[in-house]
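Chains here go by letter, A, B, C and D, matching the order in which they are written, and residues are numbered from 1 within each.
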Amino acid sequence: MTDKTIKIDALARVEGEGALYITMKDDRVEKVQLKLYDPPRLFESLLRGRQFSEAPDITSRICGICPVAYQMSAVHAIERAFGVQVTGPLRALRRLLYCGEWLESHALHVYLLHAPDFLGYESAIDMAKDHRETVERGLQLKKTANALITLLGGRAIHPINVRVGGFYRVPSKEELKPLAERLRWARDAALETVRWVAAFPFPDFEQEYEFVSLRHPEEYPFNEGRLVSNRGLDIDIDAFEETVIEEQVPYSNALHARLRGRQDGDAYFVGPLARYNLNFDRLSPLAQEAARSAGLSSTCRNPFRSIIVRSVEMVYACDEALRLIAGYEAPPVPALDVRPREATGAACTEAPRGILYHRYRIDADGLIREAAIVPPTSQNQRMIETDLRRFVQQHVRLSKEALTRRCEQAIRNYDPCISCATHFLTLQIGSGGETITA
Amino acid sequence: MKVIDRPALDQLLTALRRRGYRPVGPTVRDGAIIYDEIRTTADLPVGWTDEQEAGVYRLKRRDDQALFGYVVGPHSWKRFLHPPARRLWQAEREGSAVRFISEEEKDAPKFAFIGARACELHAMAMQDKVFLEGAHVDASYQSRRKNLFIVAVNCGQAGNTCFCVSMQAGPKATAGFDLALTEVLEGGRHYFVVEEGSAEGSALLREVESRPAEGAETETADRIVAKTADQMGRTMETAGLKELLYQNYEHPRWDDVAARCLTCGNCTMVCPTCFCTTVEEVTDLSGEHAERWQKWDSCFTIDFSYIHGGSVRPSPKARYRQWLTHKLATWHDQFGSSGCVGCGRCITWCPVGIDLTEEVKAIKDSGK
Amino acid sequence: MAAEVVEKRREAPQIWTLRLRLQDQALRRRFQFRPGQFNMVYDFGVGEVPISIVSDPVDPDLLDHTIRAVGAVSHRLCELDRGDVVGVRGPYGSWWPLDEARGRDVVIVTGGLGCAPVVAAINYIMMRREAYGELNIFHGIKTPRDLLYRERFRAWQAAPNTNVYLSADRPDRRWKHAVGVVTSLFREVRLDPARSIVMMCGPEVMMRSAVRELLDKGVAADRIYLSLERNMKCAVGFCGHCQYGPMFICKDGPVLRYDRISRWFDIREL
Amino acid sequence: MARAPKPKLAVWKFASCDGCQLSLLDCEDELLALTGRVEIAHFLEASRAVVKGPYDLSLVEGSISTPEDAERIRRVRRLSKHLVTIGACATAGGIQALRNGKEIKEFVSIVYATPDYISTLATSTPIAAHVKVDFELRGCPIDKRQLLEVITAFLHGRHPQTPSHSVCMECKRRGAVCVMVAKGTPCLGPVTHAGCGALCPAYARGCYGCFGPMETPNTASLSEQWEKLDVTDDELVRAFRSFNASADAFRVESERHVRRQA
C-alpha cells in the first residue's frame, strides 16, 4: 500500500501549456487534476464591437493548430445568423480546406506527438534517429496537407482567404491539379500510417463513453449536421447551449463541460474517436477497409487506439480531398453576397480534435454584440480526468516513472489543445506552472 | 509598310514560337492588364480598356474587339529582362575552402514582347544604358536582351496619367523594335499596319499572311497616333528641369509631399526605368551552401542608404527627393537623358495618388 | 574570386588587418589596383562589404585590408584566421591623385575611427618619400580613447619632412596634443596653398568644415580630394545604393575631387 | 565552420495561439536537418526531453499578461544568450492586447462571473517591454521562411534579413495587382511590415496588417486615402486595432480616429 503523487508540471507534446497532478492514498486515486494554464486571451470580450466579417480572422488566432476550424465555425455561425447558405463548389472548397487541416493536424499528432509514446521516445526527433524514414513520411504528409491549406487559404497558419459567404479568391481547376498528384501519394502514405500504428502495443483499456459528434445525412461530418451521441442525444446546433453545461473548476483555466440530464460528474467524449464511432458508415470504403484491416470494427472504445482512428481519418481526408478535387468546377463568384441583419447564429464544426461551437449575436450594422465559443478540449477535459483516474487505478503497480509516461500518453489520446481550451477562461492567480529547467 | 488583318495575327505568335520565342504580352488578371505568357491572341485583353487617374485604375469594357485598346498597366517589361528576384552566384564550403559558382547565362529565356509601347521601348533603352553601356555589363540582362524580339504597338489612345509627349518618348515607336503595329478598327475592318524595324522582324513578317499597306491605311494609322499625341492626360515642362531641381533641394514642397508619401515604394516598383536592387545572403541549415540573391529594391526604404550608424536618408522627404531628382535630374548627368518616359505608372499606382508632374509644377511655380 | 587569408594583424581593439591572396593564379597576375580603390570582400554565409585596399600596389599579389568590426560582416571578417577563405571582387572605384601629387606638399585630413582609405595614400607616399614634398597629416578624434593607431602616427611623425597633428574634441588630462575640432589646427600650421594637394576622409561633418577652412586658406577646390562612403551592394553601378547626387560612389568615387561635388556637399540627407 | 558543440535551441511559450512555434514544426523539409545543426534543448510542443540551460538561442512566442509570466520571461532571458521574439503576440502584445487601455474590469465582467480573478490581466505586453530582445520576428503568424532565415542567420552569425519596408514592395515583386488602386479595396500594405510575401493582395483582399507597422509608416496619409474609399472612422479604428493594436504607429492612429469619432 503506497501513497503516490504524479506531478507533471509542464506537459510536453501537447498544444499549449498544461500540468497534471494526481495524488494517491493507500493505492486509491484521490485526486486527478489536469490544469490548463495558458493565460486566457479573452477572445469573447474582444470580439464585441467587431464587424462580423472580422470574426474568421480574429477567432483563428485562438489556435494556431486548428485555425481553419475556428474560421469554419465562425463563418457558418454567422451565415446561419444571416440566413445565407453556401452551396456547390464553395461548400466543396470549404470541405477541401478542412481535409487539409485534419490531415495536417492528425499527421502532426500521430507522428510528432503521439507515436513517440508508443515506441518509447522522448520526441519524434529522437525517434527519427532510429526511424528516419517513418518520421520523414509523417513530415511529408504534413507538408502535403500544408500545401493544400496554403493553396486554398494563402498560408498554413491563420489562412487569409476564408470569409463569410465564401472566399476572397477561388482556385482554378488547373491550380488544384498538382495537388491531386500529391494527395494520391498522401493517401498511400496514410494507409501506410494505419498499418504502422496498428502494430503498436495498446494497453487494455476499453471504456464506456458517451461519444458526441456531428452527424450528417450523407457525409462524414465536417461543417454541418446534427449533434448526436451514442446515448440518444440528437439535437440541432441551436440547442447546444441548453444541452451543454460549462462549469468552472478551481484549478484549471479551462471550463469543464457536461451534458444536461446526465449524472453530475459524467463526462462526454469528442474528437476522432467519437466521430468514428458515430459515423463509421459515412467513411469512404477505402477508409473503412483500412480500419478493418487494422483490426478495428465500426466501434472502438479504447482511447489509446485513437491513434489508429486518426490515421484512418487521414486516409479519409485524402480520399475526400481527391473526390472533391475531381468534381471541382470553379464557381462564378468567390463569395456570396452577405447582408448583415440583427440576428443570432450558432454553428458547430468538427475540428480535428472534436466539435467546436461558435455563437454570435450581431446587430443591424453587422457588429458583433456577443460571442460564445466552446472548443473541443474544454469539452474533453473532464473525460481526460476520468480516463486518468480509471487508468491509474488499474495500474497502481507501475513504477512512478512508467505511470507518469502512461498518463501523458493517455492525455495525448485526446490531442488536447490547451491554447483553445483556455482562450476565454478565468485565470487563477498563482497557478502558473513552473516550466523552466535551469 | 505592310498590313496584317486581325485573323492573321495569330500567325505571328505561331511564327515566333516556331523560332523558339516565348511570347509574353498583355492579358487581363485580377482587375488589371498585366504582362504574362500569351498563347493566342485570345489571351490578349480583347475588348478591354483601362481608365486611370492618380491612385486609381479601373478596367472597362470597350464597345469593340480591340486587342490593344488601353495604355500601360502595373507591370513593365523589366519584370522579364531585370527580374524581381534573381540568383547572382552561389558558394559552397568544402572544409576550409570555398568554391564560387557563377550563374550560367547560356540558357537565358528567349522572350518575344507583344505590344510594347513607345514609352516602354525608351525605358528599355534606358536600362540598356545602365546595364550594358557602362564599364561593367550585367551578363544576365545582356543575354535576355540579346535574345529578345519586340513587337511594338503604337498607342491608339492616351491614358489620363500619360505624358510621353512631354518626355519625347511616344506615342509612336520610332526605334528599338523588330516590328511595330498600329491597330486600326474602322469601317467594320480590323487590321494592323506593320512597320519593320529589323531584319529578323522582316523575316518573321514573311511567315505571316500580310499585304502591302495602301496609302489610306498608313494615313489612318498616322492619324490615330497623332490623335493620341493630342490626348495626353498630363504634361511636364522639361525645359530647364534638371537645373530647377538642382537648385531646389531645400524647397518646402518636399515637406508637403513627404506628408502624403507612404514611402511604400510602389512608384519605384512600377517604374519601367527604376533599376535599383539589393542583395540578400541566403543560407541553408547545412551551413555548407550559400547563395546571393538580387532583388528589386527601392530608394524609399530605410536600408537602401544605410551605412553603419544609420540611414543617410532617414526622412521620407529626403527619400522622395532622391527619387524625383534622380528620375528627372541626376539621371541626365549619369546617363545622358531623363530617367522618366512619361508612362504615368507612378502616378496611377501610387496608393495615395502622388503625381510627379504636379510636384514638378509646384516647385517650378514657386522655386528658385 | 576566392582569396586566402595569409596573415592577420591586430591594429587596435576591434580593428584587424587581413592580408589576402587570390587563389587563382591567373587572376592574381591580372590584379592591379591603385591606392584609394576598394574590394568587395565576402564572408561565406554572412555577406559582402566594400573595404579599401591599403597595401602597396607594387605588390598586388598581397592585398591588405584593414577592417573595423562594426556590424555583422565586418565582425566576421575580423574573426577569420590564417587559411580561411573569403570572396574578393575588385578592385573598384577611383583612386587618390598620387601621380598628380608628386613633387607637391600633401595634406592628409582624417577623422573618426575609420580612415583606411587615406592610410593607403600615406603608405604609398612613405614608400616613395622623396617624390613628394612636405606631408602634413591632420587627424581629429572625439576623445583620446579613439586614437587607435598611436604607433602608426608615431612612426609617420618620425619620417622625414612629415608632421602629424592630432586634435581631440574632448581631451583627458594626459592628452598632449591640440584640443578642438581638427580644422582649428589648420590655422596654426603654415600650409602653402599653391603647393598643396589635400586628401581627406572621415565623417562628413568633419569634412565639411575642413573643406571650408581649406578653401578659406586659399587651397583650390580642384586640389581637394575626398573619399566618401555610401551603402553599396554591387560596386559596379547597377544597384543604385551608393548614389550621391549624380555620382555613383562605387564608380565615380569613392575618391572625388571637391569641385565636382561642391554643389551637393552641403545638402543634408542627400 | 568549426564543429563546436551544437548550439542549444529553446522555444518558450507565453500568451499565444501556438501558431508561431508550430511554424518550426511546419518546416517539414528542414526540421531533421535543423536537429542536426542545433540541439533542441527545450521545446515542449515537440519533446518531453528538457536539457538544462543556458541556451544559445531562445525563441519566445507569446505576450506577457500575468505576473508569473513577467517573472518567467526574466528567467528565460537570464538563461538565453540570444533571445528572439517570434510573432505579433511577442513583438506587440498580440490581439489580446486589445484589452490594453480599456477599463479591464468592465471589459472582462462582460463575460466573467468573477472578474476579480482576472484583475492581474490588465495588459498584454510585448516581451521587449520586460527584457532585452536581440531580434524581433514579425507576423501573426510569422512566416516560416523568415523563421528559417533567423535561425540560419544566427548559425552564421549574421543579422537576419527580414526587410522592414512595406508589404507593397513584395506585392509588386510578386506581380500582384494592387487591390487598392485597381479595385478600391482598402489595404494596409503601404504601412505594414513586409514578410508575408503580400499574401492578402495576391488573394484579392486588402492587407489587414498582421505583420505590424513598417519602418516609417505614414498611417495618417493612408487613412486619408481610405476615407476617400468611404471608410469610416469606426472602421479605421478597427483596422488599426487588430493583431498589432499595441504597436505604436497603429495604436496612435487608431486613437486619432477614436478622438475624431467623439
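Assume a residue touches a chain if its C-beta (ideal position, glycine included) is under 8 Å from a C-beta of that chain, and two chains touch if they have at least 3 such contacts.
Because the structure is a prediction, the values reported are computed rather than measured.
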{"item": "Where subunit C and subunit D overlap in contact partners, by chain label", "value": "B"}
{"item": "Closest chain to the centre of mass proxy, which here is the mean CA position", "value": "D"}
{"item": "Selected pair, greater C-beta contact count between B-D and A-D", "value": "A-D"}
{"item": "Reference subunit B; chain at largest CA-centroid distance", "value": "A"}
{"item": "Whole-Å gap separating subunit A and subunit D, where each centre is the average of the chain's CA atoms", "value": "25"}
{"item": "Euclidean distance of C-alpha centroids - subunit B vs subunit D, Å", "value": "36"}
{"item": "Where subunit A and subunit C are represented by their mean Cα positions, the distance between them in whole Å", "value": "65"}
{"item": "Averaged-CA centre spacing for the pair subunit B and subunit A, given as whole angstrom", "value": "51"}
{"item": "Where subunit C touches two or more other chains at once, by residue number", "value": "44-47, 71"}
{"item": "Multi-partner residues of subunit D (at least 2 other chains)", "value": "152, 156, 158, 204"}
{"item": "Contacts with 2+ other chains: residues of subunit B", "value": "93, 281, 283, 287, 303"}
{"item": "Touching chain combinations (by label order)", "value": "A-D, B-C, B-D, C-D"}
{"item": "Residues of subunit D defined as touching subunit C within the complex", "value": "152, 156-159"}
{"item": "Touch list for subunit C against partner subunit B, complex", "value": "1-2, 42, 44-48, 70-71, 83-87, 229-231, 233-234, 236-241, 243, 245-246, 248, 251, 263, 267-270"}
{"item": "Interface residues, subunit A side, partner subunit D - complex", "value": "10-17, 38-46, 48, 50-51, 54, 57-58, 61-65, 67, 108, 112-113, 122-126, 128, 132, 135-136, 139-140, 142-143, 146, 154-158, 160-161, 163, 168-169, 248, 334, 408, 417, 419, 424, 426-430, 432, 435-438"}
{"item": "Residues on subunit D engaged by subunit B in the complex (per definition of touch)", "value": "1, 30, 33-34, 36-37, 148-149, 151-153, 155-156, 158, 161, 163-166, 168-169, 172-184, 187, 189-191, 204, 214-218, 221-222, 224-225"}
{"item": "Complex interface listing, subunit B residues touching subunit D", "value": "29-32, 34, 55-59, 73-75, 79, 84-85, 93, 259-266, 269-270, 280-287, 295-296, 298, 300-303, 316, 348-349, 351-353"}
